[in-house]
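There are two complexes below, and they share chain A, which is joined by chain B in the first and by chain C in the second.
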Partner chain A sequence: MSEVKTQPADSVVAQPAENRVAWPLGIAGVVLLIAGSFLSWSYDRKILGDLSIIGNPGGLQRLTIIGAVLSLVLLLAVKGPLTSKIGPWLDAALGLRAFGAGLTLYMVLILVAIGTESDGLINVDPGAYISLAGAILLLVSSRLLPLRQLNDLSKARVAGWAEILAIAVTMAAILFGAAYALGLTDAWSFIVCLVFFATVVTVMFRTGTLSWFGHVAQRHKKVLTLAAFVVAFFFPFTQNGSDANMSIATQVLIFAATAMGLNIVVGLAGLLDLGYIAFLGSGAYVAAMLSESAFATINWHPPFPIVVLLGACTAATLGLIIGSPTLRVSGDYLAIVTLGFGEIFRLTMFNLDGTNGPLLTNGPNGIPGIPELQIGGFNFGDPHTIAGIELGRFSNYYFLLLLLIGFVILVFSRLNDSRIGRGWVAIREDEKAAEAMGVNVFGLKILAFAIGAFLAGLAGTIKAHQDVAVSPDQYIFLESAFLLAAIVLGGMGTIAGVLLGATILKLLPEKLRFFSEYRLLMFGLLLVLMMRFRPEGLVASRRRQLEFHEEDEELAVAIESELVEEAR
Partner chain B sequence: MTALLEIRDLEVAYGKIVAVKRISFSVEQGQVVSLIGTNGAGKTTTLRTISGLLRPTYGEILFQGQRIDQVPAHDIVTMGLAHSPEGRRIFPRLSVEENLRLGAFTRNDHAAVRADLDAAYDLFPILGERRKQPAGTFSGGEQQMLAMGRAMMSKPKLLMLDEPSMGLSPIMMKRIMSTVTELQKQGTTILLVEQNAQAALKRADYGYVLEVGKIVLSGTGRELLSNDEVRKAYLGED
Partner chain C sequence: MTITEAAANPARAIGQPVLEASGVTMRFGGLLAVSDVNLTVREGEIVGLIGPNGAGKTTFFNCLTGLYKPTSGQVRFAGAPLAPKPRAVVRAGMARTFQNIRLFANMTALENVMVGRYCRTSSGAITSILRGPKFRREEAATRARAQELLEFVGLGRSAEHLARNMPYGDQRRLEIARALATDPKLILLDEPTAGMNPQETKQASDLIFKIRDSGLSVVVIEHDMRFIFNLCDRVLCLVRGEALIEGTPGEVQSDPRVIEAYIGTGEDDDEDVDVTEARVQDTTVADEEGKA
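Our next item is the complex of A and B:
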C-alpha cells in the first residue's frame, strides 16, 4: 500500500506492482454492487419501501446503483479512458475511499434495518449480501489504490456553459434528492438515504469537486441564485398534491427566513442576540390581534399588506427600544439583555389576558382560529391545480414564503456588499479602531438590530396565518437558541450556509420523530462536533474561515487575494 | 490666521480622576506639532478627546474655527481630522488593502480612493508588495506604516499620530519619522504625540510638554530640545 502523496501526476501509469490487483478489484466491486441492486434485498415487502422485486430496483437500490456508477467514473479516472482528461484533476483515490466506506456503511445499515424491522437477518435476500460484498470490495480496492498529487482543481477552467450546466445538474440533483428523501415515510429509509447523501457530499469534498463547485458558484452567483429559486419553486410540483411534506417545507422556510434575519444581526454586525424569537412573535401577535379570528382582541381588521407593515414596524420599534440602551456597551451585556427581553416578551404575552393586564393576547390560550390569508381576491386556503398537479393550502403559503425569503436574502446581500457592510466588518474586527476610522459604530449596530427585528416581524405576520394560532409557548428561549444554532452550524454570515443550517435543524426533527426525545442531545452533540472539526460552519464565509485558522498563513493569503479581487 | 486646531481650557476626567487639567494649545496650518510627556501625562487622553472618542468635562476644541467637542467621532473624521490610535490598532485579520479601504470609510469618491491607495503604496512600497496579506502577520514597523497609511486614506487636513515610534527599532523609527516630514511637505498638518522626545522635537515646528495633565513648557522644537529641563527629564542628560 502506498500512502505517498508526492508522486507527480504524470507517473500515474507507473504504479507499483502490488497495486495491480486494486483496480480490477474496484471494478468487480462496482459490478457486484449493481448486480446485487437488481436482485431482491428482502423477502419482506414492507421494509424500506419495497426492495423485493427482481429486475426492478426499488428507491434505495437505485441510490446504490447511482453510487456504483459514480464510483466507476472515479475508477475510470484512475485508469482507463478518463485518465488523461479528468484524472489529473480529481483526487479519485480519496473519493473512492469515501465511496467505499460510505457504501459499506450504507449496506450494513440496510441489513440492520431489515434485521430489526422484520425479525432477524433471515429476511435478507442474497441481493443485499452481493451488494454489501461489492461495497466491501470497493473499500478494499480504494485502500490499495495510490494517492496522487494533483493539479489544483480550483484552478481548473472549463467553458462557461459547462460551468452553468454543472450548476443546473447539481440543482436538479438536489431537487430530486430532496423530493425523494422527503417522500420517504419510514425513519430507517430516511436515515439510510441521509447516509447516502452524506457519502456523496464527502466524495465531492474529497475529490475536490466541492471546492471546484464553490468557485464555479462564486463566478456565477446570479445563475446559482436563480437556479436555487427555480428548484425551490418546482418543489411543490413534485409532491402530487400531498400536504404532508409541504407543511414541513413551509415550517422550514419560516425558520430559514427568520434565521437569515438573525444572520444580519449576528453574522454581519457581530451582535449576539439571544431573544430574537420575540421579534418573530411580536409580528405574529400583531397579525393575530388584527385578524378576523373570533378571538382577536382588536376590532380593526386592515388588509394584510398593512398588517405586514404594522407587524414589522412593531418588531423594529421593540428592537430600537431594546437596542438603544444596550448597544452602547460591549457584547456580553447585549446577550444578557436580549435573553431577558425574549423571556419578558413571552411572559407579557402570557399575562395580557384581561386579569393580570389588559385583554390583548388571551394569555396562555393564545389567539386560535386565525383565518387564511386573503390578499386581494386570492385566498391562501384554496387549493389550485396547475398543469394537472394539485397545489394545496401549504403550497400557497410556500410560494409566499419563498418571496419573503427572497426578499430577506436580497436585503442581506445588498447590506453585505454596501458601505454599511464594510462598517460592520470593521466593527466586528475592532470596535475602537472602527470608531477612529469614522465608522458610526452605535448607528450601524442599532441599524443591524432594527433591520433584523423588522424582517423577523415581517415573517411573523405570515407565520400567524400559516400556523392558524399564536400562543406564548411558541416563542420560548429554545427557539432563539435553535435559530442561533442554525447560523453557527451553517456558517455565520453566509447565505447558503444559513439556509442549509436552518433546513437541517428544522427538517431532521420532523422526519426523525421517533428520535424527538433525544433531539436536544443530538443537537448538542452536533454543535460540539462542529466546533471541534469545522468551527467556521458547513459553508464557511471566507473571512470567517480566516478567523478560525489564523495561524494558517497560506490560507490567509489565498483568501485575502480573493476578497481583494472582489473588492476591486 | 486662525489656528487649524485650537484647544481652550480642556479638561477631561475618568470619573473622579482628572486626566487632563485645563490645557490650552494650538496647531497652525502646515505645522508639525509635538506633544511630549511621560506615561500617564494625559497625551493619549487629549488625542482621544480631540477625535471625539472621549468627551471633555470642560473647555472647547475648535477645528477650523468650529467647535467640535460635542460632535460625534464619525463626523469629526469626515471634517478632516484623522487619528492613528495608540498601539496602531490595525485590523489584524483584514488584508493591507482592506485596512486602507476602511481608512477611507467616510469617503464616497471611489476613483479618488483608488488613486489614494496607490499614493499610500508609493509612500510605503512594502505595503504595496503585501497588499493581500493579513495585516496581523506584519512586524511592528510595518503595522505602524499601515496605521499611518490608513489614517491618511481619509484625506485629513490634520493627522494625529499617537506614539508612532512605540516599540520600533531605531532604523524603523527613523523611517517613520522621515515619513512625518514627508507628509508635512505634502501639505498635511500633524499633531504628534510621543514619549521619544528627541525624535519628536527634532521634526517639530512647535512643541508642548505635558506633565500629569498640565502643559508645563512650550516652544519651538529647537528651543525645547535645547531647554535644560527637557534635556534632563526626557533626554536623559545631566
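Our next item is the complex of A and C:
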C-alpha cells in the first residue's frame, strides 16, 4: 500500500496529462452496469435466484447496482461535485481499479454459473453482457485514471455524530449482507456474493476507508461494541424462523466463543496449545453426564447454573493439571505436550465405557438424548413469537451463546488491559527480562491456561445441550487445529479478528458443502498464504504487527505516532 | 575502612550492610567463572565492579540476582539469606539492568516501567475482570508512579514512545527506570554507559548520584575507569573470576596489579598476577563479623 502511495508523489510533480477519455469511460461503465442490471440476465429462471425479470432486479443484480453506485461516488470524487469535499482524502483511482476488477470477475462468474448450470451460454440474456461490458469499461477507465497524492485519511476529522453514523451504517450493512448471504441456498450465488463482498472490502482497503474506519472504531470502541451486539441480537429476527441458518449461527457462536478463550492462551500469553478442544469436551461431558438424558451415567441432576460451574471448573482443573508440569517447557515442547493431552482426553472418553474402565461416557457411543436446556421456567426447546417473528429452538440457544461470547470478550479485554495483561506481553517479549523484573512468569502462564480452559468448559456445557449428544469423535485434533487457524487467520490477540476468523472458518464450509472434500486443502493454502503475506492476521493488533515486523522501522514510527496521539 | 570512608564523605553516612555476598562461586563444567568472591554493599553506597572482559563480572551479577544459582556461597540481603530466584530477589529489593539492553521492545516506555511495578502490585485475574475500586486505584497508582520514574530519569516526555524506537541512551535510562519501579533498596547496573559519548556518560553518572541520593545503594559494572573512579565509594576488581583488590578508587587506581590485569606486563599472561596470593584478605571488618 505504502509503495503504491509513493508513486503519485512523483506523478504530482510531473503532472501527467490527464487522460480525457478515462472519466467519461467510467461513467459509461456505471451506466451500462446499472442498465444491464434492470434487464434480464438469464433465460433460465431457476439459476442464481431469479434474474430474468426485466425492470425488477433480482438479488445479485441489486448487488451489481450497489457496486455501480459506489463506483459512481468514487468517480465523482475524482471529478465532479464531490471532488472538493472527499476527493483529497479518498484514493478513488485505486478504489475504482478494485471495483473494476472485482465487478468484472463477478460478472464473468455469473456468466460461468449460468453457462454451467443450464445448457451453455445460450441461456445468458443480453442484460448480463451489457453489465459485463460496463464492468470492463469501468476497469479500463480506472486503469487510465491518474493516481494522486492524497492527504492521510487516518487524520481526517469528521464530526462525532458522523463517525457514529458511519459505524451504524456499516453495522447495518453487515447485518443485511450476512442475512442476504445466508439466505442464498445455491452455492454459485453464495460464491458470487462472496466475490462481491470481497470486492467491497478491497475497495475500502484501497481507498483507505478501511483504515479510517479502524481509527473511528478505536475512538468509539464502546459504540462499536454496542452496535456489534445490537446487530448480532437482531440477526435471528432477519431469519423468519428458518432453523437452517440459525443452526449454523449457533455453531459459529460456539466456535467463536471457544476461539476467543483460546485467544487468551495463544494471543495474550503466547502459549501454543494444540489440545484446547479437550477443555470444551470436558465441559460438554460434565454437562452430559449430569443431564437428565436416559444415557447419563451419574444419577445427580443439579440445575444448569451449577452444571455450568462444575463443567468450567472441571476444565480449569484439567488445565491446571496439564499445565503445571508442561508450562515449564516452552514453545514447541508445549505444543507437543498439549497435542498429546488432547488425544489422551479423546481416548479416555472413548474408553470409559464400562469394559475398559468405569462406565462414565458410554465409550464411542457417547451420551445421546440430552434434553433441552431448562433455566428457571424457560425451556430452550420451545419456539417463541416476538413482534410477529417466530424464534425457534436455535434462536434461544443463539441468545444464550451471545451472552456467553459477551462474557468471554469481557474477560479477554479486561485481562488484556490490566496488570496481568502487561505481564503476559512482557513474557512474550522477553521471558528472562520479565522474570528479572519480578514478573511471576510461571504463575501467569498457568493462569492463562486455567482461564482459557475455564471458558472453554463453560462453552462446552452449553454445547452439550445444543448438540443434544456428546461423543468422543466431536473432540478430535482437527477441531483444535481449526480453532488455532481461526485465531491465526483473524489476528492473534484481537477480538474482532478472532470473531471474523471463526466466522469464516465455520460459515464457509457450511455454505459450501459441495466443497467439503477440498476443505482442508483450501484452509492449508489459506494459512500458507496468510503466513506469507499477512502473518499478523486479517485484523492485526498493533503489538502483533510490531512483533511480526521487527525490521520495519516505518511501521514502528507510524504506530508510535498513533499511540502518542491517543494519549493526548 | 568504614571509618575512612565516613571521614572522606562526612556529608553522607554509610549505613548498615544491605547486600552481603560471601564466598560466591559459579562453576560451569570445568570453567570456574566466579571463584569465592565476597562483596558487601552498605546503605547509600556506590560500589564499582571492574575487571577485564571475561573476568566474571556479569556472571557475578547473575549469581546475585538469581538468574544463576551459585555453585556455592551465600548471598544475604538486608540481613536475611536470599533464595537464588529472580522473583525472590526483586521482591527482597534488588533490581538490575542488563549489559545488552533487554527492554520490552514493543511496549511503550510507560508500559515498560509499569511492568516493573508488577511485583509491588497485587491485582489478580478476578480483580482485573471485575474492575472494582481497588483495581482502578492500583492501576492509577501504577501509572502515576511509572510516569514519576520516567520523569526521574529524564524521559517524562517519551512515555508513549515505543521502547524500540528510542535512542540508545534513552533505552539505557528507561531500563534504569524499569528497575527502579520495583522499589529496590539496591540497584545493580551492568555497564550503564557502554557505547555512550562523554556527555551521555556525564548524564549517566549524574543520574546514578541522584539514585544514590534518593537513598538507594548502587553496584555498577563499568569499563570506563574515569567514570567509575569518579562515581564510586568503593571499587572491587575481578580478574578471572577472583577478587583481585577491593578498596577506595584511589587505592584501586594506584594498584599495579589492576593496571597489569588490564594492560598486561608484556610477559606471559598466565604469570602476570598470582591472583590467589594477591587477593586482599578480607575487605571489611563487618563482613567478618557477619560471618562469625
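Operating definition for what follows: the second predicted complex is superposed on the first by the 542 of 568 C-alpha atoms of A that agree within 3 Å, B and C clash if a C-alpha of one lies under 4 Å from a C-alpha of the other, contacts with A are read in each partner's own complex, and residues count from 1 in each chain.
In this section, contacts are C-beta pairs under 8 Å (C-beta built on N, C-alpha and C of every residue); 3 or more make two chains touch, one makes a residue touch a chain.
These figures come from a predicted structure and were not determined experimentally.
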item: Superposed partners chain B and chain C on chain A - clash or fit; value: clash
item: Chain B versus chain C as contact partner of A:Val411, first or second or both or neither; value: second
item: Which superposed partner A:Ala426 touches (first chain B, second chain C, both, neither); value: both
item: Which of chain B and chain C A:Val439 touches, first, second, both or neither; value: both
item: Partner chain in contact with A:Ile306 - chain B first, chain C second, else both or neither; value: neither
item: Superposition-derived comparison: chain B or chain C, residues of chain A touched; value: C
item: Chain B versus chain C as contact partner of A:Ala244, first or second or both or neither; value: neither
item: Doubly contacted residues of chain A, that is, touched by chain B and again by chain C; value: 419, 422-423, 425-426, 429-430, 432-440, 543, 546-547, 550, 553, 556-557, 560, 563-564, 567
item: List of chain B residues in touch with chain A within their complex; value: 51, 53, 72-78, 83-85, 89-95, 97-98, 101-103, 105-106, 131-134, 136-137, 150, 154
item: Complex contacts: residues of chain A adjacent to chain C; value: 410-411, 414-415, 418-423, 425-426, 429-430, 432-440, 447, 451, 543, 546-547, 550, 553, 556-557, 559-560, 563-564, 566-567
item: Residue ranges of chain C touching chain A (in the complex, touch as defined); value: 65, 67, 86-87, 90-91, 95-96, 98, 102-108, 111, 114-119, 121, 123-125, 128-129, 131, 135, 138-139, 142, 159-162, 164-165, 178-179, 182
item: Complex contacts: residues of chain A adjacent to chain B; value: 419, 422-423, 425-426, 429-430, 432-441, 443, 543, 546-547, 550, 553, 556-557, 560-561, 563-564, 567
